[in-house]
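Before any comments, here is the structure.
Here the chain labels run A, B and C in written order, and each chain numbers its own residues starting at 1.
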């Protein structure tokens, strides 16, 4: 994505995004914003999403992988899906591709390495950059928000703590590409009820798009991979490559998740 | 609304608002924000609403008509309720009243002409202002967001494409004003469960406000048009002219929609 | 919380937060933002929360008390939970601690005085600072938003109206501290389903934290006050002092509210 020069950009602090499982209406989000603005009154804070299901690290990892890459280079993404808060789990700062992240090291940043290798990982350990009083249950507000605010003011990440090794990875079931067949599964359901799978456009390179390709999800089946929802009539089950580069199953003008009763984890097989 | 001179306003980019049917927690909203900020890091992006029911162009048109007029002149409103994405439907840039809009031409901008005539309509056709890669399923991110970002940086709308003719209009059932009687319907339900009708304050010019006026909605009836909810005791069905200039039916301190089981489309008759 | 000097802070307008019972997706929020931006295009507007249950002044008061203190000194908090809109209830401007508030005087600001005494209270009465046309049903948009916008531009609060007396207080049942026992209740439920009580850390000064302390909520019981959720295994009922300084009851990795069927008002007793 091109970023043309813009006169006011010099001196403008980087964007900070927030990804949490707090729920969209939660005042906890506001507490994090307040802390960031108390340290950097010029911070530009954007919600990535607050609708990650409680403690669902995988859905958080998926949202970060699909969405953080659309932000300007240097954006600081703070992600708080943190069931282990108060335990010995690490908090890390990571540079991956052109983006920066502050998050618990519990797998939340694990999907990002699919697209780009981490350039730098730092263990967040120096309390001088945190709030003076750190609670045992809300490190998003007390550690991650102030760290992001100080980074947005130019703090050198090396001052956050020592260099750290690899990010923790959750085991992910990956789609299996076979001759004439791909076996995958539903990764996520979007707000329209579209079923987004772990089968990527690259995996589909050898597959035809016409009606000779069969897509089976649970006991439901459709034929052909289309270009747009509007290529098929309303209420039809349609397969297409969605805007994130993954195969998705949709019911035109309706919710596939609700109508078919399908959610994350359901098997999806393509054969031709 | 008066906008007193403000020292920093010069050089400040116009506000960009987002109206979608993505749902408030959707990461798709963040992807649009990321694209806009990648092109204009100084963009001031405000959510108009993301709670339009999926593909409900009429509710989107209503939200735009009721809400966009409260923004500063020159605000750029991006609206994405777009069931026809990927088909031949046009995307348009429109100047209506003092506001600017970027949206699919599917009726979404249709209600705005009730208040003011379009000053300029342009077909959005020049790909040089879009993202380099345009998906078939998310033109909000790939076309409308970058177009809005470039407009906010001062791009001349004429460069977006050729001048276009009239906006597409969905058929709307309009309230019928008769001697001593108005026949209308419920247009929308707000988050309090108040029933907002298509009967405007202007239509009510000849109607009394006292108990000689009867308002009937479905099988429910009330008398008098009041000034405020608090003019009647709790749990009373009350009619008043709401803050958007439309007759509305409310149950004091409760939800009329839930208690009466009424939604958009229900008939409303006023007689005196 | 420390607020280090920041080069761009001079001339930067104070943050304006919004707290309402409109629901997160409501276009009424956008109307308030539009009005503020029409008066101060440089306003930095942040959502505190829009998920206060309709007309629930107590939950609004609680959210303000818990969250507004995390914002920079001088922040202007606009709170609209206003069942009495259009009646004779006052609108007030208040300075409490280092924060500023604009709200109906109906108890919404009442909990803030627990932490700090009001420094100044002004009755908002001078229409010259409001929108030219004031509706009877939406003073958040027509009075409070423009007043906040003008305050953010430097308007002297004395010009809003005459000095006013005490804020209206709703009766609040307070926790009772006895020898070896505290009798309190659930104040609020957060988005994780954690039950937040009116028993504060200060009240717990004399209580042990080990298993000799028993916490009873409704018919449910647990022993010990822990430091973090992760100190106990999944699905365990755990008591701890939450990030807001209040005793809370949680079920590890699950929703206590849903699993126990408990909400605001339930009794909570601690004994040792």
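Throughout what follows, a residue touches a chain if its C-beta (ideal position, glycine included) is under 8 Å from a C-beta of that chain, and two chains touch if they have at least 3 such contacts.
Quick caveat: nothing in here was measured; it's all calculated off a predicted structure.
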| item | value |
| --- | --- |
| Any chain in contact with chain A as well as chain B | C |
| Fraction-based call for chain C against chain B, same above half, different below | different |
| Euclidean distance of C-alpha centroids - chain B vs chain C, Å | 30 |
| Multi-chain contact residues (two or more partners), chain B | 24 |
| For the chain B and chain A complex, residues of the former touching the latter | 11, 21-31, 33-35, 37-42, 45, 54-55, 83-87, 131-132, 135-138, 141-142, 153 |
| Contact set on chain B toward chain C in their complex | 1-4, 6, 8-9, 12, 15, 17, 24, 44, 46-51, 63, 66-68, 70-72, 75, 190-192, 227-231, 240, 242-243, 253, 255 |
